[in-house]
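Each of the next two complexes has chain A plus one other chain: chain B in the first, chain C in the second.
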Partner chain A sequence: MSISQHFPVFVILLPLISAVLIPILSRAKKIYGWYISSAATFFSFMISVSLLRTVLDKGEISYWLGNWEPPWGIEYVVDYLSGFVLVVISFIIFVITLYSRNSVDKEIPEDKVVPFYSIYMLFVAGLLGMIVTGDIFNLYVFIEISSLAGYALIAVGRKRDALIASYNYLILGTIAATFILLGIGYLYMMTGTLNMADLRERLPALYNTTVIRTAFAFFSVGLSLKIALFPLHIWLPNAYTHAPSVIAALQAATATKVGVYAMIRIMFTVFKPHFILEVVPVARLFLVLSAVAIIAGSLLAFGQKDIRRVLAYSSIGQIGYIVMGIALANRLSIIGSLIHILNHALMKGGLFLVVGAVVYKTGITDIDGFKGLGKKMPFSMAAFTICALSMVGIPLTAGFVSKWYLALGALQAGKWIMVPVILISSLLTAIYFWRIIDNIYFEGHEVEGKIDDAPPGMLVPTFALAFCCILFGIVASIPVNITGLAAEMLVGG
Partner chain B sequence: MVVSVSLIGVLLIAGSSKKPNERELYTILTALAKFFLVVSMLPTILQGKVIEFLLITVLPGLDIKFRVDAFGIFFAITSSFLWILNSLYSIGYMRALKEHAQTRYYICFAIALSATMGIAFSANLFTLFLFYEALTICTYPLVIHNETPEAKQGGKRYLAYLLGTSIAFQLFAIFLVYNVAGTLEFSNQGILAGKGSNLLLSVIFFLFIAGIGKGALMPFHLWLPAAMVAPTPVSALLHAVAVVKAGVFTILKIVLFVFGVDLLSQLGLGLVLAYCAGFTTIAASFVALKEDNLKARLAYSTVSQLSYIILGAALLSPSAITGAVMHIVVHAFGKITLFFTAGAIYVATRKKKISELDGIGRQMPFTMTAFAIASLSMIGLPPASGFLSKWYLFLGAIEADQALIFIVLAGSAVLNAFYFLPIVYAAFFKELPPGEKAERREAPAFMVVPLMLTAIGTIIILFCPSFFIDLAGMVAASATGVN
Partner chain C sequence: MIEFILAKYNYWIYITLMMIGFYAMIAKPNLIKKIIGMNIFQTAVFLFYISIAKVKGGTAPIEWEKAVQYDNPLPHVLILTAIVVSVSTTAVALALIIKIYKAYGTIEEDKILEMNK
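Entry: the complex of A and B
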């Protein structure tokens, strides 16, 4: 009983401690890095599930770090939203960690494997901390932890391009973080508190002041940069393309999602929805930007030759979907956004894992290199196809569920023009994935030599994600119920 | 259950890919099983009852639900019966030409028929859409079977038109219907009455019409000629049984069971649809006149004939609807015969063009006789069953006071004669090209027997129509509330 009371902080502590333990214990054997990471992420996932269940049973959990009462102490809050996102993210992280063993072998230089896992754990700790915290400065700390770890992880790859991509991301990401810090600073200046719930009480009186509006502007820009919302997306394609496959998968599936979570927290918990809808109607601006992101992402994915770039631009479009749901700010659309956090993590994660498997076996990332792989790597390609179908939004896959709710939310908000936007991008997605699937199944071989399918260590996690794409397309009621509760909490029904 | 039968068949077929005879046996067994399962549900339906089955609720408001009613079982019986014959024919065709990738072929067929059954028995728009898309996807490998560049081109166009229209338009319409009506279930009186402004309802209607590409209304029909690159049994399936009939079935469901006869006549949209269909009928006939490739001519004939069905439904009168539903089975039998014939000609003589067919009646009398009978059905002359469905359509046009439609129907019958009769004439009454002898060269029995059976079926339907007429009448009655 008393241990489980501390679960909210354990979720972060486990990875943090692992980060320290790994370099120490790996002196004995390099592989311990992977073992410890897997164990840590597994337990984090289990703890997250337990937390969510407690929340569903008893309501919001509030945990005071060190037992100091907020708003002086740091509070961790697990409510429907953070509980849901926590489970999703920790699950994906766990699956990817399991997968990482083989991929890391191939892609990370041997002497860097140990620090890799150590920094990986820091990254995880940062992400999970972002989700769980109820203190706005704490949020910034975790943003920085995960970002800095992220830059390092991207750069660990063998190529020089990785260094440049990471450096770009570092510069832009630091600007973003600085903006966020400024926003926090302004809020603190005007209210004297850093606790999110407290801010929620104190801010409405100040909504019309320039300082608060400026703070919000800084938050918006900073977070938009972090989540690569068009047009602040330029760092993403290179980062995803040149990072090691595991890191690309991790970043695509988790980092931007947690960034969006932070955005939701700012817009709906710290500031009330009233602010973005009426006081400063930024919702409309975000709606337009999201529509542009959706279309631009899908269009830009077209001409790309490298599959990781295709997936990167596709991700930019998908972030657009999530932001659109936020900008519409009604119950249905928020359900759509939150479910898309889950679904996109599953789909994009799965897709990047397959790419990693292909790299592992063939070293190729060109779309043409996929020709004929349907016969040589049937399982991996099957997983790819399932995830691709989910991206298009075919019914019975998870992708359809998010699009359904987003479309309904758009119609309910009276913004019916968003529905063609969603549908057109689905069509575009179908086309650019079609080219790849065509290559996989209906073309002859391009890659020489004997290639067989990826090792089980990589296949099982990949398939787990693909399976979930279908599972949550059919038994969608579970995520829908939870996100429904979250959405009601955020926008009040 | 019926849906799952052929899915199980798929597993069996896949498993026996190394042993051709066993594999073919499984296909035939599956087809027979499916047909008998469908027939077993018939007595209940004929009594006027409906069978419902909820598979799973995916999301609130979105169930995968099956409902066996008169219309559904009509379509299902036609398709499952013809699949049996088509499978026999396929065996003959594939083996005669020593085709590759036969396992993939049979597997896709089985899945396609599952999808067709799913469409026939769907209880709501979501289930229908699901199986509609599934049908497109699983017929793609069949279309590009030959894997030549032309086949791939044809396949791309196929997907582009079918997936493009269904995602951009049909899905949009489904979203709107749910938003406006709160439900997606089919109902005899429609679910949209009074649920939105006339403008909104009209928009939804046109989105549906544009979004159901499988019905081949112009200008969304180009996938059909493009799909002619497929092997002929596939074309027979696509153009008689599964895909196109699924298309018009869907359109009829929308017209009769989502909008409802009353609402559409109020909105005046029935007439608009009728004119679009009428235009398609005539225009497609003109294109058919010019085509020399036999399959292409048949393809455009299909486009034209499908619009008869849509036209009948759009007239919104009981006789017209009966005629439309009848034409589903009539055209199925007729067109499948014609395509079977085309395939037989190709297998026996490697000829694809009409201009090459002089005198072929002497070489392939059985085949060409079947062709002649089926042509009569298309034109609408006795003793072929086309007469029956045309009769009802004409009646319906009179009932609905639409003189122009009457003229369209009559005119297109004449045009049909113009592009079918010359072929029959040339086959029997012209001289063979120099160098060819007038000896019998029929295609293998596996192919000729099915096509004769379907031709005979065409005649039988005219003389023993009561079963089909009754079912069709039930559909019309439930849709219009007339008894």
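Entry: the complex of A and C
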């Protein structure tokens, strides 16, 4: 009986326990909240890496909570898919937590810092729980834990608009979660089980019943709302714009990604690819929606003046890419989707962190206000440029790899029409980022007064993400190999 | 037709309640009324879960020598969890409404949207 046997549950327990410890221990000094959060997220990340290594060496890990045998007990599963997503998400969370110290000092009222970190840890626990769980009702509970914490975190934004943004997100998020709950109820009613692997065995015999199809419809709508798939995206731009910078980065980089992961689990683990491709061809519907999301997201990003809004609308387009890979449902496209989960988390996380640094130093969020910042904050702006290039998908950056695999997947599925969609959207992305980069480097010095670059506590995490954008563009084989194994597991060779 | 409706009356009740709640969440401009709608919406789903737990001729799932069959206790347990979630959501929502009222002086959505312009 070694401690490493319990690693799957430790990933969630660490942030969950810290959420309780922070208010108790931080009485002495406020900064302890940050120390504890950083330590907890660091160990969660290390454990995730160790879990992924075990999975790569020995295959799937199944952890029985309370030693109750599945399908009766709750099972936690770490396989190629959840191992990969777990490492990606816990890494991004760790980096953003490191970064948060200065930004939180600046943007969060002093008396709210301690509860802020406590709720932050609950949010993290919910996200990581969604990834490792192999039980569909447990998935619902974790979705709600992370969402509820997310509403509260968005509401601490500086302006009063943050309250309305959070309230609207709460209403839509609750509709989404209740739909998912109803879908789970329908599945349970027909099969009598809640374990995902067990459902996979029992469902094919029931594929032709209306109840199972209705259940799938509820899952589709609920999850699409959670990941802000166009046209169900209306909660997202306001939530990202008015949330504190750290939370905007965290939400953009992790929350929607984990939602997409849940969608992959429902579509390919609980149901089989055969169901979404042939029995009820929803894949076709999702393909159309994703194409619309990719184009519409990029077009909407165009007309925005606030940089956070540009990034939020571009997120909606990027979610479209990931969903496109899922809807094509072949090995290459799933690889593209999964790598895009990694890449988009890195790029969008990095971009939001730079915006956070600019807010920290100047309080500016207008694109026009970025004029001349290239000279004042050279390092932050360099990171911004790298991430922006990766968003466009320039070769040798990570963004190129995922778009390449998505295009290959589209060709393999015979949906060549998606290739021009990817190209047009890349072009649009290039144009709207060019507007910003032009302001940064080539416009006059409009920023008055002495502004130096962000403190190292903010620069180092930002650069870690920007560096990964290039690293995974050059050494693409590491994520491609792991996601290749995951894709084979999901849709077969 | 009537037999069809009567035989599955539990589903009709839950769907009707759910739609009432859903309507209130979307159409009511008052933020508190939206939350009332949300509670009806969620409770309807709970009723659905509880109704599928019933086994014909079953008693409460407590060991008893006269019992022939027991109801399925699992949905009850699931719904206990879902009720906790629902209560927390309501609490967060009401806390937000208090903050909104302090910041805007109103809880009517149309007025708030006007003030945000």
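Quick note on the criterion: the second predicted complex is superposed on the first by the 492 of 493 C-alpha atoms of A that agree within 3 Å, B and C clash if a C-alpha of one lies under 4 Å from a C-alpha of the other, contacts with A are read in each partner's own complex, and residues count from 1 in each chain.
Going forward, contacts are C-beta pairs under 8 Å (C-beta built on N, C-alpha and C of every residue); 3 or more make two chains touch, one makes a residue touch a chain.
Note that the coordinates shown come from a computational prediction; the quantities given were computed from them, not determined experimentally.
Once the two complexes are laid over each other on the shared chain, residue contacts for A:137 go to chain C alone; chain B is not touched. Touch criterion met: A:160 reaches chain C, while chain B stays clear of it. By the touch criterion defined above, A:366 reaches neither chain B nor chain C. When the two complexes are overlaid on their common chain A, residue A:201 makes contact with neither chain B nor chain C. Look at A:171: by the touch rule set out above, it reaches chain C but stays clear of chain B. In the superposition on chain A, no contact is made by A:278 with either chain B or chain C. When the two complexes are overlaid on their common chain A, residue A:423 makes contact with chain B while staying clear of chain C.
On the chain A side of its complex with chain B, the touching residues are 394-396, 401, 404, 407-408, 411-412, 416, 419-420, 423-424, 426-427, 430, 434, 442, 473-477, 480. By the touch criterion stated above, chain C contacts chain A in their complex at residues 22, 25, 31, 34, 38, 41-42, 45, 48-49, 52, 74-75, 78, 81-82, 85, 88-89, 92-93, 96-97, 99-100, 103-104, 112, 116.
Residue ranges on chain A touching chain C, taken from their complex, read 137, 140-141, 144, 148, 151-152, 155, 160-161, 163-164, 166-167, 170-171, 174-175, 177-178, 181-182, 185, 188-189. Of all residues in chain B, only 56-60, 62, 126, 129-130, 133, 144, 147, 152, 159, 163-164, 167-168, 171-172, 175-176, 178-179 touch chain A in the complex they form.
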